[in-house]
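Heads up, the thing below is written out as structure tokens.
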Amino acid sequence: MFKKKKLLSIFVSVSLALILSMSLFLAGCNGGGSEPRTDAEMINVTSGVLTIGSDCDYPPFVQMQGDKPVGFEPEILQAIADELGLELEYLPPQNFDTILASVASGTKMDVGASSFTITDERKQLVSFSLPYFDSNQAAVALISTSYTSAMDFDGLTVGAQSGTTGADWVRENLTGSGTTLKEFNQASELMASLAAGDIQAAFFDEPAAAQYVATSYTNCHIVEVIPTGEQYGFAVSKDNPGLLQAINDAMISLKKDGTFDRIFLKYFPDLKPPSLGT
Amino acid sequence: MVAVLSLLVSFMAPPTQAQGLTVKKTTATSNQITGNQIIGGVPTRITWEATVDRNEAVKQITLVFPEGSSLGEHANTKATVLEGTIRLDTKFTSTISNTQTVVVFDELVESDLLIRLEMFYVALPEASGEYTLTGSYIDATGREIKLEESQTISVIAATTVDQITQWMDDQPWVEAWNSVLFLKIFLNPQYLVASVPALFFGWLRSLGLVLVGFPLAIPIGLGISFLRMARFGVIRFFAAIYVNVIRGTPLFLQIYIAFFGLPLLGVSLDSYVLGIIVLAVNSSAYLAEIFRAGIQSIHKGQFEGSASLGMNPVQTMFHVILPQTIRRVIPTATSEFILLYKDTARLAAVGVMEQMMFAKSLVASSGNMTPYIVSAGYYLLVTLPLTKIIAEFEKKLAAAEGSTEAPVKKPKRRLFGIGSIETLIPQKKPDEPLENSRSAKKLRLDEEEGPHDKHD
Amino acid sequence: MTSMINSSEQPVVRIIDLHKYFGSLEVLKGVDIEVSRGEVVTILGPSGSGKSTLLRCINLLEKPTEGEIWFEDTCITDPKTNINKVREHVGMVFQSFNLFPHLSAKGNVMLALRKVQKRSREEAEAIALEQLAKVGLSDRAEYMPSQLSGGQQQRVAIARSLAMDPHVMLFDEVTSALDPELVRGVLDVMRQLAQGGMTMIVVTHEMGFARDVADRAVFMDEGVIVEQGTPEAVFDHPKHDRTKDFLGHII
């Protein structure tokens, strides 16, 4: 009885989603399939609000403080929203590996902001803003172990956050037989698993790794910073060039009036703020 | 003049082996739709890294692709230069062709810097084998110096699945289907095909978790159910704590505590084994209540009948009560099995390699949700037949288990105790609702099953 | 064991000043009764008179609050007595049959033979078939209880008790739950049993049976034995008003 009901409701919701997306697709076609959209019209999922999707678990970029996301990204995005005359609203923490798909669908959030590295592969799915941070990968292990380089973990069980460039790096570089990659939803789960000894190394972005080993996980250290030279960008739906343009313009204007650098240096006093192409 | 001179120099001593550029690595990213290998004939991204040696500077780099390589749409080469871990704003121009890529830096890349070239959408030769990149660079003086050979990239021939998905790539109906964003992301034909074999081992691992965990939970649950009905209040109390704590907290929390807490206490187990243990412990609490409800649903006349024949409590339990209980709890216990099987997915969060982990990994590396849909299919492969079996069994049970108890005409007093067997006697009336188990409703329905056929 | 042989004049069951409380409710208020070997005693009385409780005390399905119960030369109210040993020799048949639904008729009879008396499968099977034959159910040996009528089930229950070779049989309203047309078969079996010399204590509402078969009729009301005697004396010449009243309502 209950089962049947459940199946029915699943069926109904799936078909609803199907119909919805079809109609959205058709609407999109009518709106401007052939002729280019009238330039730079910004669309928001909730009008007047800049809705952000983030995993909210990547200090110092973003983390939850009570029910409020704090960190470099929320502060920059607040400045951008102010610049655009929008309210800033963060959705509850999302799974990192589903954010880009959500951004692409364009119905749930305007911007994916979760320290996304700009890659060509991701550009297939979404558009990226100007790069706002230069980052590298780091291999983190327990201090009590004697590993000295990232390649030492070839053939071992290692972890990364699901869908990250760290996971990609492991897949591409640790190709020795016996390498097992465990993927976690949250960076904090990744670190907990490392501390528990379930994985030998955690691969993720160096700034977040540095923050973790300096605060919560003082029994871990960065074995090697892997110079990948990746850059973070805010993800925006490809169907929303107006919003992308508005965000980029706002970033440049924040760069010019010094707001961007002020926020950047507040969180990263030892680093050089990116040029943002200015 | 300088150019002529340099040409002359390079002409005089080509190829110069004096290395000023140390190649650090050459890798390619997997271009399998699912999997970690690099297949030939399909575009991939090649990453090449080198450091500039002391007293050397680099103006231009040429990398030569293995013979038989080709380019995909949007093929291009990007260069990144890092000083230590700091990314430099380096301007460059690049060209790419079937045979090679040439990167010219606007300014000399000085010594000690790391150069990374990423070549997007380059297809390595179709034939499987080990391939290397060769090439040369031009230094500050304009000399062209041959590069040392890079490490090899292993390329495999396309698997059947790869071939199928590649074939699908070219089909107009697939293209039409995928032009709808929802269908492309959730029901992508290529990922549908590729995920089935890719998730198979994850499916086996998930099944393994529950096929070991559940049988382990049965004796634990039975033991706990006995303790729950024990004569001594203290024992009942502790058994109740076990059951209520486990049933009263989310499985997710239990998993976290077991996986992140136990190791800090010095208990280190293989995560798969620990996963089985957590599932078994969790399920045992639910099974304990199912068994207890089952045992208590057995009419007290069964205990009295056994006692009147001189059977002791243990004999009564094992030869009279449990055989009847088992039949009654099979549907509920099977539901519990289904729940536990679905719960294996939660172990993905803590890094147990099971189906959900495999699916998540595919989704994460592809950005496509279709592997989740395929994963759902794998779960249904187990749960749907079991659901059907439960329904069949319940029907059979209803038909077969006619009550041997005559309709009682006068209200029966509740039982106060029959000698030493009293500890096993239900502490509540059998007609009280059995709200103890997740699927207690089922059990209750069994009890209330209508009139029984009598064939006289 | 030896005591059983030279106990011909010793009562099989002797109850001395038996009291039983359910909570604060006193259901037996000092009952004394003796049952001799080969005697058939019927206990009559209205609902709530305590007759079933009295019967169930004899094999300790109910624990007496006060008083003594002797089975042959064993004091079963003594906490040191192994009650399971006593129960082997005290057969009981219930109103609700209490057959084991997961076992065939034969299996029901065999179970205690195998597990309690530790007999071999062959031995137990032979005894089971013999007992089922005695109650007229040879052809139903392999049937499951759910495939039998109420009367047949009750006869299997009787066979199951008899198989243990009891020294006394307790019948607790064994026909109350049966459809009228099925009552007779069961009563016939009991009548045969009585004729065979079995010591029986029968709680019943079947006045005809009580009058024809019983050696003694006992009338209980409100937890005490009001009067007892031969069936003729009790049925035809009751001394007490309560007995008269009860019989007047029944007959």
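We just call them A, B and C in the order they show up, numbering each chain from 1.
By definition in this document, a residue touches a chain if its C-beta (ideal position, glycine included) is under 8 Å from a C-beta of that chain, and two chains touch if they have at least 3 such contacts.
As the structure is a prediction and not an experimental result, all values here were calculated from the model.
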| item | value |
| --- | --- |
| Shortest contact path, chain A to chain C, counted in steps | 2 |
| Central chain (by mean CA position) | B |
| Reference chain C; chain at largest CA-centroid distance | A |
| Centre-of-Cα separation between chain C and chain A, whole angstrom | 80 |
| Centroid distance [mean C-alpha coordinates] between chain C and chain B, Å | 63 |
| Chain centre separation in whole Å, for chain B relative to chain A (CA means) | 22 |
| Chain B contact footprint on chain C (complex, rising order) | 22, 47, 59-63, 83-88, 90-92, 94-102, 111-112, 115-116, 144-150, 152-153, 157, 160-161, 164, 176-178 |
| Residue ranges of chain B touching chain A (in the complex, touch as defined) | 25, 27-30, 36, 45, 47, 74, 80-82, 84-87, 89, 114, 116, 120, 154, 179-183, 185, 256, 259-260, 262-264, 268, 271, 349-351, 353, 357, 360-361, 363-365, 367-369, 387 |
| For the chain B and chain C complex, residues of the former touching the latter | 299, 301-302, 304-312, 315, 319-320, 323-324, 327, 400-410, 413, 416-420, 452-456 |
| Footprint of chain B on chain A - complex, ascending | 3, 17-18, 20-22, 24-25, 97-98, 100-101, 104-105, 120-122, 124-125, 134, 136, 159, 162-164, 167-168, 171-173, 175, 180-185, 189, 192-193, 195-199, 206, 225, 227-229, 231, 272, 275 |
